[in-house]
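First the structure, in the form of structure tokens, and then the observations on it.
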Amino acid sequence: MAKDTKKKEIKRIAVFTSGGDAPGMNAAVRAVVRTGAYNNLHVFGIKRGYEGMIDCDLVRLEVGDVGNIMHRGGTFLKTARSQRFMTPEGRRTAYEALKAYDIDGLIAIGGNGTFTGAMVFSQEYDIPIVGVPGTIDNDLYGSDFTIGFDTAVNTAIEAVDKIRDTADSHNRLFFVEVMGRNSGFIALNTAIGSGAASVMIPEKDATLEDLVDVLKMGARRKKLFSVVIVAEGNHFGGASEIAKQVKELFDFYDTKVTIIGHLQRGGSPTALDRVLASRLGFSAVEGLLEGQAGVMAGLVNSKIKFTPFEEAISKNRKPDNQLIRMAEILAI
Amino acid sequence: MAKDTKKKEIKRIAVFTSGGDAPGMNAAVRAVVRTGAYNNLHVFGIKRGYEGMIDCDLVRLEVGDVGNIMHRGGTFLKTARSQRFMTPEGRRTAYEALKAYDIDGLIAIGGNGTFTGAMVFSQEYDIPIVGVPGTIDNDLYGSDFTIGFDTAVNTAIEAVDKIRDTADSHNRLFFVEVMGRNSGFIALNTAIGSGAASVMIPEKDATLEDLVDVLKMGARRKKLFSVVIVAEGNHFGGASEIAKQVKELFDFYDTKVTIIGHLQRGGSPTALDRVLASRLGFSAVEGLLEGQAGVMAGLVNSKIKFTPFEEAISKNRKPDNQLIRMAEILAI
Amino acid sequence: MAKDTKKKEIKRIAVFTSGGDAPGMNAAVRAVVRTGAYNNLHVFGIKRGYEGMIDCDLVRLEVGDVGNIMHRGGTFLKTARSQRFMTPEGRRTAYEALKAYDIDGLIAIGGNGTFTGAMVFSQEYDIPIVGVPGTIDNDLYGSDFTIGFDTAVNTAIEAVDKIRDTADSHNRLFFVEVMGRNSGFIALNTAIGSGAASVMIPEKDATLEDLVDVLKMGARRKKLFSVVIVAEGNHFGGASEIAKQVKELFDFYDTKVTIIGHLQRGGSPTALDRVLASRLGFSAVEGLLEGQAGVMAGLVNSKIKFTPFEEAISKNRKPDNQLIRMAEILAI
Amino acid sequence: MAKDTKKKEIKRIAVFTSGGDAPGMNAAVRAVVRTGAYNNLHVFGIKRGYEGMIDCDLVRLEVGDVGNIMHRGGTFLKTARSQRFMTPEGRRTAYEALKAYDIDGLIAIGGNGTFTGAMVFSQEYDIPIVGVPGTIDNDLYGSDFTIGFDTAVNTAIEAVDKIRDTADSHNRLFFVEVMGRNSGFIALNTAIGSGAASVMIPEKDATLEDLVDVLKMGARRKKLFSVVIVAEGNHFGGASEIAKQVKELFDFYDTKVTIIGHLQRGGSPTALDRVLASRLGFSAVEGLLEGQAGVMAGLVNSKIKFTPFEEAISKNRKPDNQLIRMAEILAI
């Protein structure tokens, strides 16, 4: 599995988080630092992702520096999106910063954008990079779960549970919008886990008429209350737009819209995200030491697998069609 | 304090929840049922507030029927807003329903609208009513806390905590809208408890320029992240409107808006709300038996106090000015 | 995969929960009921597991009866351990009860004991049974996760997070005992997810001297605070016993013991447990209709797989050795 | 109310937390620092309470140093119990440390022990001290609530809610022990808020026979499940001891014991604790500036009140007898 070419010995590595933050990133950084220390590496943290790399904003991270951070949301290394890293000049400056610190290998924690940058960078410069999938969207090929996804779904479901408490006494129809710009993973799992009447996701072919049919069926069996989960990204617009159009077709319920929004990105990571982040951070360092480069460490069928960045970001990962069908059947 | 006129002996009482639901209502109903049973009363629950009263939708509630419900959000008696009860005919039908069941006294759990109805009803018909303040808004005169308020504030603060997790790495300004149509209690307590930079509430005189001054001050001391809490009801419009106007005056931060919405009404009630609801439900029954009528049971300075409905709904209850001033000082 | 012998058409099925309860069981029952309804089956719920089967305590479950239960801990069908079902007479009575209701198939939700009973029953009587793994212990062969495990681990980690909050200012050593009589899954995942200094589980060969060495190392790098997670079942006795013995070997810290206990069995199920329970309940009914019998529905590598009861309960499932090793490295 | 003698102008103050930690202490420190800054004071934090005072372990705290800490449990200033401060030499060394930093006033956050130390210290040395009540026990005279109490009660109730989930299907009797060495506040509020069958607290005269009577009554009305809340400090011993003795008198239920333990001290503070801590920290500084000394800032009937240390620690504060009676009635 390892590319294992005549690898240069790795003694000093740097880790950073980039792009949108995700709960569990701190656990991944902790694992990188401690696995590095165990292997006698010097580990550095780069602040604010590629921005900090360009600005030469590195700090030495010892074992004790990452104690008591695993349970915190966000990322203590901070994160950013970097325009400068998209230019050749930006990347050259970044490389020079890494050389100034004698960095032999990088661990990049992030999503699509992060790995696109890492791929270009590792084509231009001779520095091995191993990626760790950290994004609530769960849309990377090469890992059954990405770090932060489980926490985001739990947050969304807790919100719907609360809405259900209050709504179940009224004749109400709630449209709840969850995150997921190009992907319906959060929405589908939230819908199944909250017992929603229906779910609107980019991966599912459905018309608003189909949705109205489902709602009418619910009304016939005297459901006092229905929730529809809407992925941020879908063919019909956001939850507000869908609510408006549905109301025109079927004006039986008192219709409400809730957009859960940014709180889905925060919160203390769940057990799954902490353990996953620990495993992936740990395996990324081990992979780097074994000669892996230009790959993302993922968990596939409970085993660690390394997938080239190019595949990880270009291959499409979609929710299982069986799950989509089941969601419909259980919502009856 | 008691009106204690030649009171008719009370043997059968009914309890209902009305208006917007609030976490803790179930604990109040439980307390009414059990205190009733302890005093050898027959207790009935009326479904869906005044609507169910008009429809004669009463059920006998025994001690065991209210086991295992205290920790649930919402109200198992359901609630509704009733147009019919606003008409003399509606109220007459309701009264006849109560007479059919030989009800001698009522416990009404709700807010402003509920007590307005109760006041009119008790002026027209000879049936003693004691109210229990159940509303997340905390805006009734005659009780230091209303049932549901503490839970709503905790829910809002948890949401802001999560937003803070994710935002603190970015240069961001969040406008978070919380409930409170005419009252800033939830917003003010959320702002203090979440360390917000500012709060916009109906009770506070402030211009958007004042707000911008505060934000500029924060920017000067290099705050990477600020939250402004906005009460649903305020002079400038909702959070989205304020965000837009502030952006025109001071476009330094990446501005985001989150409207927490209906989830503030749900959730398992907090300890305070459960204990408060238990005390008020308990005292409402004891008050009814001692001859109280046309009053709301409240907790004032840790003691039970009965306040005439008229005062409870007409006297203005506002957040303490000292608290508003303190919120500003601690936000520096 | 299906045994698909000349199957009798299935029209009426019954579902029950048995043994220790686990969060998510309600979601599994809901899925069974709704998948049954979708396939035009009559679905019955049996109360209190095998006890209720013997007592002929069955209720018809319609689609609407399982609304609004998914988020609740415990099992609304109740559960029990049945001595009577271990006798041939008990099982005969149970079979007669099922025949009286014309039940053609059973869904059994539970763990080891439940499936042992189911296996014997299906050898004696001609009634197809499909099992659904519901136990917080995660110790059944044939499913990567059992229902309730994820919730239990999250509960344990939340408890340790709180202990950490308070302890991190004192020179303290906490021994925290979690559930798991014969299996270290909960303990190992809690240890990794809470950043514990060490973990004592039945599957790991370690002496108390090894543990003391780890603690001494922590003391040397001036850790003010350490947590050791102890599985209920292990070679050295419970947390209190281990704490006593460690104190004799290394009396540096102020030593405390917390036994998390039964609260690990409760609580609203996590997203993962709700989705898992929905999938397994759904697949169990589909399996039954396709001719499966004497098997447990499990999730292996994200796919549904049916495993004979005998294998499910006899084959040993142990935590991954790689994970155990990683836990030690990250704890440095 | 102010002692307002010819006060020396206060320019430099120090704040510390001492004794057992309590959720909300961080919010109190934040309020002290920011109110100090607003009044142009130099504010210092003393690490580890009186220990750090003796060791001259002070740090300058600026406005930005206390950002993003309010939602964290524990105390970032750390805390300790100090034997040395109980000796005249220890106090002299402490005083000299304060003089070396030109400290003109102290804010002491803690409970009984903390204020006993502060009282002695302020009798011996001319340095004004204002106390802030921070203890989960709620046992200080002069404040309706102490910081941390509300969080501790909520933690205990959440634990009982989870136990209830799992237990309600079995024929079980749970004894749950909560904190409170000399005081039943946590136990009483937990009992009311969790719907417990009974509560054993030091302030209530009751025999085990009384308890057994209550349990028998529950058994008669076919309660499948009962919880008894036991305060750590009570006449009969801990929960395990009581469970044993009750089992001898009434062996109907399967009896279990859970000791919630140290997790009651941790966790993110509730809204009430954050707002309370903010108010008390704020008022302590304002009080100090107005000449208060040797007093504890408390909240009594929603107003700030200063109570001499001697009264705060010596006057007995007990739960309201009405509440105890109500708890019994609602448990029927």
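The letters A, B, C and D name the chains in turn, as written, and every chain counts its residues from 1.
FYI, a contact is a pair of C-beta atoms (placed from the backbone, for glycine too) under 8 Å apart; a residue touches a chain by one contact, two chains touch by 3 or more.
Please read all numbers here as calculations on a predicted model, not as lab measurements.
Count of steps on the shortest touching-chain route from chain B to chain D?
1
Centroid of chain A to centroid of chain C, CA atoms only: how many Å?
That gives a centre separation of 28 Å.
Using Cα averages as centroids, what's the distance between chain A and chain D in whole Å?
Inter-chain centre distance comes to 40 Å.
What is the distance in Å between the mean C-alpha positions of chain A and chain B?
37
Which positions in chain B touch two or more other chains at once?
161, 164, 168 - these are the residues of chain B that touch more than one other chain.
Quick check of your reading of the touch definition: is the inter-chain graph here a line, ring, star, complete or other?
Basically the chains close up into a ring.
Pull out all the chain pairs that touch, please.
A-B, A-C, B-D, C-D
Mind listing the chain A positions that touch chain B in their complex?
21, 23, 48, 72-75, 78-80, 155, 159, 161-170, 174, 256, 258-259, 261-267
What part of chain B is in contact with chain D in the complex they form?
Spelled out, the residues of chain B in touch with chain D are 30-31, 34-35, 37-38, 63-64, 67-68, 70-71, 144, 150, 153-154, 157, 161, 164, 168, 189-190, 192-195, 221-223, 268, 270-272, 274-275, 278-279, 282, 301-302, 320, 323, 326, 329-332.
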